[in-house]
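So that we are looking at the same thing, I have put the structure below in C-alpha cells.
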Amino acid sequence: MMLKQLKQQVLEANLNLVKYNLVTLTWGNASGVDRERGLVVIKPSGVPYEKLKVDDMVVLNFDGKVVEGKLRPSSDAPTHLELYRAFPSIGGIAHSHSTVATAFAQSRKEIPCFGTTHADVFYGSIPVTRMLKKSEVDRNYELNTGKIIVERFQKIDPSSMPAVLVAGHAPFAWGNDALEAVEHMLVLERVAEMAYSTMMLQQKPQLLPQFILRKHYQRKHGDNAYYGQKKS
Amino acid sequence: MMLKQLKQQVLEANLNLVKYNLVTLTWGNASGVDRERGLVVIKPSGVPYEKLKVDDMVVLNFDGKVVEGKLRPSSDAPTHLELYRAFPSIGGIAHSHSTVATAFAQSRKEIPCFGTTHADVFYGSIPVTRMLKKSEVDRNYELNTGKIIVERFQKIDPSSMPAVLVAGHAPFAWGNDALEAVEHMLVLERVAEMAYSTMMLQQKPQLLPQFILRKHYQRKHGDNAYYGQKKS
Amino acid sequence: MMLKQLKQQVLEANLNLVKYNLVTLTWGNASGVDRERGLVVIKPSGVPYEKLKVDDMVVLNFDGKVVEGKLRPSSDAPTHLELYRAFPSIGGIAHSHSTVATAFAQSRKEIPCFGTTHADVFYGSIPVTRMLKKSEVDRNYELNTGKIIVERFQKIDPSSMPAVLVAGHAPFAWGNDALEAVEHMLVLERVAEMAYSTMMLQQKPQLLPQFILRKHYQRKHGDNAYYGQKKS
Amino acid sequence: MMLKQLKQQVLEANLNLVKYNLVTLTWGNASGVDRERGLVVIKPSGVPYEKLKVDDMVVLNFDGKVVEGKLRPSSDAPTHLELYRAFPSIGGIAHSHSTVATAFAQSRKEIPCFGTTHADVFYGSIPVTRMLKKSEVDRNYELNTGKIIVERFQKIDPSSMPAVLVAGHAPFAWGNDALEAVEHMLVLERVAEMAYSTMMLQQKPQLLPQFILRKHYQRKHGDNAYYGQKKS
C-alpha cells in the first residue's frame, strides 16, 4: 500500500469514529502502520473532525519523529508507537472515550464475557490495566500508558484480545488496520453497554461457558471460520 | 407471491433492522419462507447492509442447500430452517443483537410482562432458552440453537409469542412474514428497555394482571380485534 | 378556527410525536377539540405516521360517532372523549408509550418533583391511576381508562397538572391544544428520565421545596408570568 | 470584536446547544460579554431555536437594562450578569437542563472526578450549590441563583472549574467565550453520563489520583500545554 493510501485509510478510520458515534468534540484518534517503511500515520492533535483532510494526517517514524505533515501529531502518539513496537501483529490502533467502555475503565473493572456478541471479537474478558504511578505520570506519561498496556498483555495474545481499558482513563483497540481497529472500538462500546445492563439485571451474572466462547471466536477467526464470505 | 417479490421483501426487512437501529455493523439477519415451493430466502453472511442488493439474497431449500444466489447464506441459516420446520404458522424470522434484549438473554432472565406495550404483541413473558451443552455446541451449533428454541416452545404457541431469548446469545423473533418479524424485533427491544427500567425503579414489580394481558392481546389479534383499519 | 385548520393542527401534533422521538411504529395518538361545534379530531387507528394525511384525520362528536372521515378512529378515542367531557379547560390530548414515562407507569409509581425542569410544567408529582378491575377491562375498556384518570383527578386541577400515568399502561398528556399536549408529553418523558437517574443516584432523593415549585410554575403560568415573550 | 460579531457568536453558541443535543424545546441559553463596552449579549426568552436570528439576540448592560433588541432577554439573564460581575476571567456562559447533569443537580451531589475525560476540562469535582432559601426565591430569584453560585466558588477558581450544578435545578457552564461555554456544557453532560455509570458499576468508585488529575489538566491548560495545535 502506498503511503498516500494509508493516509486516506487512516483519515477514513478517524471519520468512522464520528460516524459510529464514539467521540465527542476532538476526542479520540486512529492510526495505521506501514511496517515495511517503518512509518506510522496518525490524526493531528485537537483538529475538529469535520475539517480533517487527508494531508492533515501526520507521518511519524517509530521513534516519534515527524517525517511528513505540518501539524502536531495526536498527544497520544507515544502510546500508539509503544503498542506498534510491542505488538508486531497489529496494523492499526484506535482510541476513544466512548461512554460506557470509559465507565468500566473508570470503575477499574474488566468487562466480563457474558455473551456471544462479546465472544465474536474478544476471546475472554476485556482486561484493565493497573493505575499509573506518580513517577510514570510526571515523565513520559503517554509512553508509560503504552507500557502498562503491554505489561498487562504479558500473558495475553493481542491478536485475540484486540482491546484494553486503561484504568481511570479510557479504552484503546487495535486490529489489522486502522479501519478494523475502529470497528473493534465500536464492538467494545456495544459489548460494554450489554455487560453494564446485564450486571444491573443480575447480581451475579454467569460468564459465557468457555466452550461457547471458543466456538464463537473460532467460527469467525479460526482456521475453519465460516462466518462471512470467502476471502478472494 | 413470486420468488422475486419475496427476495425484495426480505431485503427490505433486513434494511429495516438498520432503520430501526437494531443492528451494529453486519450483525443480525432476516429471512422469509415460501412454503408452497419449500424455499427460504435469507441475508448473505457478513455483507454490509449499505451494499445489500436484492440479488444478494440467498435462496435455500428446507435442507439448507443453496438453490439460488452466489453468496454464502447467513451462518445462522440452520437456526432459521429449524424454526420454519417446527413452527408451520410462521412466515418470516429476524435475529439481532439489540442491546437491552441481549442483556436479558445474557442475564438468562425472561422479560416479564409489566404493561400493555408488551401485551399488545407478546402474550406472556418472553421466554429464555436453557444454555446449550458442550456437545451441542461442538457439532451443529446453529441447528442446535434452533432445537433448544423449539424445546422451549413445547407448551407455548409461537403465534402468540413471536420471540425468544437464546441464553448467553441474543433474541430471535418471527411473524407472518419477514417484515413483521423485524417489527416484532423492534417491539421486543422497546419492551426490554421498559422492563429494564421498571425493574430498576421497583424492587418487586408486579406483573400486568392476566385479564388486561388478554384484553390487549385480543383487541389486536383476536377474532373481534378492533385495533387498526379493517383488512380489505 | 375552521375544522380544516383543526385537522391540520392535529396532523402536525401527531407528526411531532415522531419528530420528538416519542413513538415507535404506529403507537401513540393526538387529538384536538372544537368545543363550539362539539367535535373532536383524532388520528386514525394503526396508520403509519409517514402516510398520514390531513384528510385521514377522523372527526367525532362527543358521543364518539364518526361525523367525517373514512377511517376508524384511534382505538383510544373513548379515553380522549371522556377526558374532554370531564376536563372543560383542555383543548388537546396526546398519548404515547414513551420509554421512561411508561416504565414509571409500569412500576405504578408517581414521578416525584425533584427539580425545576419538572416544576416549570407540572405543579407537583405526576399522578398514577389505580389499576383497572376485571369488569372495567372486559367492558368499555378504553372508556374506563378515561374514567380512572378522571377519578384520580378529583382533587387535582388538570390545568396545572397536564399529564397522568395510567398504571400498567402508559402516559396521557393534555394542553390548550393538540400541539401543546404533545409538548407536554415531551417534557414528561424528559422529566421521567431525569427522575429515574436521580433515584438511581440517591437512595432517598429530596423533593424540590414547595416554594421553588410554586415560583417556577408561576413564573411561566401565573398572572405575573415573565418567561417567554409577551403575548400579542 | 464588533458587537455584531459577538451577536453572531452568541447565536452560533445557542444553536450549538441544539446541535450537541443539550436542550429540549426552548430550554437553555448562552451569552457572551464585551467587557470593554460593558455589554452582555444573550438569547431572548422562549423563542424556538429554529427561528432564532442574529438580530433577536438581546444586548444588556451590566445592570440588566436592554440597550439593543426588541425581545425580552432570557429570564435567566440576572444569573448570567451576576456571574459576569463576580468572575472577571470569563467571557461566555451557557445554561442547559441536559439530562444526566441535571439528575446530579437534582440528587444534590457533586460529580466526582473518576477519570481523565473529566480532568481534561474540570480541575476537581464539579461543585453543587446549596438550596436557595424561601426569601431568596420569593425576591430576585434569578439574581440569587447567581449569588449562591458565587458563594460556592469562594475558594474555587472559576477558570479551572468552568461549571456548577445548581441544587434542584440544573447546570451552568462558562468559558472564554460563548462557544467555549457551550463546549464545556457538552463535556459536562458526557462526564456526568460516565460518572453515573461508574457509580452504578462500583459501589465505592475511587477518585482519579491527584497527580493524574493535575497532569491531564495541565497538558491542556498549563503553561507547557501540548494538546492541540500551537496557537498562532
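Letters A, B, C and D mark the chains in the order given here, with residues in each chain numbered from 1 onward.
Just so it is clear, a residue touches a chain if its C-beta (ideal position, glycine included) is under 8 Å from a C-beta of that chain, and two chains touch if they have at least 3 such contacts.
Here the structure is a predicted model, which is why all the values come from computation and not from measurement.
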Copy pair chain B, chain C: interface residue numbering same or different (half cut): different
Chain A and chain B, separation of their C-alpha mean positions in angstrom: 33
Chain A-chain C separation of Cα centroids, rounded to whole Å: 46
Multi-partner residues of chain A (at least 2 other chains): 196, 200
Which chain pairs touch, all of them: A-B, A-D, B-C, C-D
Complex contacts: residues of chain C adjacent to chain D: 114-117, 183, 186-187, 190, 193-198, 200-202, 205-206, 208-209, 211-212, 215, 219, 226-230
Complex interface listing, chain A residues touching chain D: 24-27, 44-47, 71-72, 75, 97, 99-100, 102-109, 131-132, 134, 137-138, 141, 168-170, 196, 199-200
